[in-house]
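Here the chain labels run A, B and C in written order, and each chain numbers its own residues starting at 1.
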Amino acid sequence: MEFKAGQIAALIGGEVDGDPEVCVNTFAKIEEARTGALTFLANPKYTHYIYTTDASIVLVRRDFVPAQPVRATLVRVDDPYAVLSNLLEYASQAMTPSPVGIEQPSFVAPGVEIPGDAYIGAFAYVADGVRLGSGVKIFPQAYVGHGVEIGEGTVIYPGAKIYHGCRIGARCIIHAGAVIGADGFGFAPLPDGSYHKIPQIGIVTIGDDVEIGANTTVDRATMGSTVIGRGTKLDNLIQAAHNTEIGCNTVIAAQTGIAGSTRIGDYCMIGGQVGFAGHIQVGDRVKIGAQSGIPNNVPDGARLMGYPAVPEMDFARQAAYIKRLGELFTRVKALEKSEKQ
Amino acid sequence: MEFKAGQIAALIGGEVDGDPEVCVNTFAKIEEARTGALTFLANPKYTHYIYTTDASIVLVRRDFVPAQPVRATLVRVDDPYAVLSNLLEYASQAMTPSPVGIEQPSFVAPGVEIPGDAYIGAFAYVADGVRLGSGVKIFPQAYVGHGVEIGEGTVIYPGAKIYHGCRIGARCIIHAGAVIGADGFGFAPLPDGSYHKIPQIGIVTIGDDVEIGANTTVDRATMGSTVIGRGTKLDNLIQAAHNTEIGCNTVIAAQTGIAGSTRIGDYCMIGGQVGFAGHIQVGDRVKIGAQSGIPNNVPDGARLMGYPAVPEMDFARQAAYIKRLGELFTRVKALEKSEKQ
Amino acid sequence: MEFKAGQIAALIGGEVDGDPEVCVNTFAKIEEARTGALTFLANPKYTHYIYTTDASIVLVRRDFVPAQPVRATLVRVDDPYAVLSNLLEYASQAMTPSPVGIEQPSFVAPGVEIPGDAYIGAFAYVADGVRLGSGVKIFPQAYVGHGVEIGEGTVIYPGAKIYHGCRIGARCIIHAGAVIGADGFGFAPLPDGSYHKIPQIGIVTIGDDVEIGANTTVDRATMGSTVIGRGTKLDNLIQAAHNTEIGCNTVIAAQTGIAGSTRIGDYCMIGGQVGFAGHIQVGDRVKIGAQSGIPNNVPDGARLMGYPAVPEMDFARQAAYIKRLGELFTRVKALEKSEKQ
């Protein structure tokens, strides 16, 4: 996939300033770009890089006036960042495999209807009673259990597993190795100290436009449903326990864990490796720093950090105080000494 | 699956108080139940919900006397909670797929005997020398390596991987994506700063009645065996390193990590995201709070929390003191000031 | 696999002192060894075990003189630890399955060349454009996406997934369930609070002699490449986000997370459950204790611990001070009281 500066300029309505024959085959940031890369200059802070970059093409604003000679071919556009985003989308669609049809051998239970524009990869397993929307892509080695429903345009990447009865919305992306609907972790202690498994007969419901990261686990509810709201994005290796409910358009970074029955609101931003206690309520528009521990309810709009979590600004202050504890002990000792005299 | 109040009462020896024709198709907690749900009232604290619930059927004690009119049909039994638990078990067995037989295509090495009541799902791989107990279920895309032994009634969910030589007890549940018996993480540094892999020739031994959560990893021993004791339950995304030994009837929540050669006793309860250092001994009946870090041995019966962990009560006190550090610095400053005068 | 003391001595150039007919079938540490095990004595601290061990054979130095009677057969060699390591290597090679050939059913896209000494397990998926080095082993149910390159001698264990375009070096080991090249976690907020997915068109590049643990995830770059350097070893359940770069011969323990665009140097040793913020630089030969949080750049050779991390020695001191906070509050109160009088 190689494009000339002239072709790109024509595609995006830009103006070539330099060699229209120069070719690119990749994208890069301006500070890292090598020969063959297309990059862009949007933030004035990065302007100095344009005089040293090895990039072959740089997208710049129409009114950009170089203060020194520039080796790269410039393509002048109204909004370099927006144009780059669009080019990235085109490239992504061109580069990401988007197969259609049913590869063999795959397993599709009798009676399951596969839409004509869907993809079922080799070694994928589609159990009885499954309902698939149009354009669904089930990559190789993925498992779709009994009675699962998957909305249109959703992509299930290789080896993801959806246990029986779960419901996945439209335009979702479930990455490789994610496990949706395994049993919640519930056991009743018996008098002899052993445990009796509490049946987990609920399901998992995932809204539209949700992305679930690689090897993330979302457990089925004991009764009812574990819920991931519309537009929410979960990173890799996250644990969402049984009966958790995560709102809409909430973003959670990798390795965070949410204990059972906890509810997290809409529009939250949660850092990586955070732990939420069970049975708590976290409001809307909450921001939580990485590695925090959240033992209690959190009101709307709070910004927390730490273990146990405190308001973000208090966390920085606490850390500073803790660094000075040795000094404080010394000062108290000095006071005690002078008092005795 | 829909049942009438009259059918349920007959099944469980209850007495209908209301419409015997009303139907239910699901279970719910009394505070969340909607039309079509069966719920129960056991804890008197929840009694007020019975007058407002939309549940279609409520299991109540035989001597329950409503203080106000109740819309739901009541079914009177001796012990509502016990009856509900039994109904949940029935429902769980009815709803959880329990297939039998060998689906094709699957891979079973020559000479491996598959019991008549076992299940081998499509795309499952059963290597040579494997021994399977009666009623074992190997779901699709699971991998059972060379010489593995699996006890009767054990379920291996889709995509779980058991490396060669490992031994799994009877009535275990291994959830999707769990990896049992990958190499322990052992490397000997060489003079040039690179590493030589130390062979990991041990195995993993899992006792009877163990449950292993989705995407949890239990590494094989360097020599000998990593051991998970009878009745122990591991949640999702847990790491148990090489030569760890976890006792019997111990419960460990998600994302906890146990470093190499550490031993954890029987009847312990370990929170989520806890980290155990390597080569330490943790006693029996120990309770450890979420996100704790355990650097040293822990005696029987201890209750710890924090990073590094301290007794549970000290942790709360420490957190309270830390919140007041700013105040303490101010007080010390005031003392210093008044001393100078 | 059973060997007599005489056979072993002949193999390793040792001298039998005891019964040359005694047999062993396993290895063990001297303090744990039972009948049938071969062990070794290298560290004088462990000498007392030789008089009580149930091991059948003990490797000892040629000049070892027992102070009491020894039941085990001794095999005298120049360097017992080195000899044991060699025997372990032999045993490991003998015990670890090392299959060759193409099992059926597997999926190999037309045009992909499978070297004669390679292994493609049943239900493995090898997409179009894949290039495989000699001796590569792709275990069952592994996925190798479009255009992936894998260097000679690399082993991909069951169910590991390599997304399209990624490059894996020679002699690497990718354990079961690892996911290489899933989309980085990048979303642009829209005015209505929902998110637009930022295309992730980069790849993952893994150097030679790298080991990636079970269920570890290494995301593809937004642009360019996420990089794991030559000789680096990642344990299980690690998250390496998009555009992270990890140097050569660095060792990272389980469940650690590295946020986007962070660079970690060469020869580092990183504990388990550590979290690295995004866009930071960590130098060479850095050591970081388990569960630490690294918010900022780290210079070469630093040894850090804590959340947020501080120099290792300060961490121990801080923890000690924090334990004494109650005492400090009491002392300050006493000073205040005496001042008032």
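Methods note: a residue touches a chain if its C-beta (ideal position, glycine included) is under 8 Å from a C-beta of that chain, and two chains touch if they have at least 3 such contacts.
Predicted model, so just to flag it, every value in this text is computed and none were measured.
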item: Contact-connected components, chain A excluded, all else fixed in place; value: one piece
item: Copies chain C and chain B - interface residue numbers shared by over half, same or different; value: different
item: Distance between the centres, which are taken as Cα means, of chain C and chain B, whole angstrom; value: 26
item: Residues of chain C engaged with two or more neighbouring chains; value: 105, 123, 141, 159, 177, 215, 237, 255, 273, 307, 322, 325, 328, 332, 335, 339
item: Parts of chain B lying in touch with chain C, wherever the complex brings them together; value: 105, 107, 123, 125, 127, 141, 143, 145-146, 159, 161, 163-165, 177, 179, 182-183, 185, 187-188, 193-195, 197-201, 215, 217, 219, 223-224, 237, 239, 241, 255, 257, 259, 273, 275, 277, 293, 307-308, 310, 314, 317-318, 321-322, 324-325, 328, 331-332, 335, 338-339
item: Chain B - residues contacting chain A, complex; value: 26-29, 32, 85, 88-89, 91-92, 95-97, 103, 105, 121-123, 139-141, 157-159, 173, 175-177, 209, 211, 213-215, 231, 233, 235-237, 249, 251, 253-255, 266-267, 272-273, 290-291, 307, 319, 322-323, 325-326, 328-329, 332, 335-336, 339
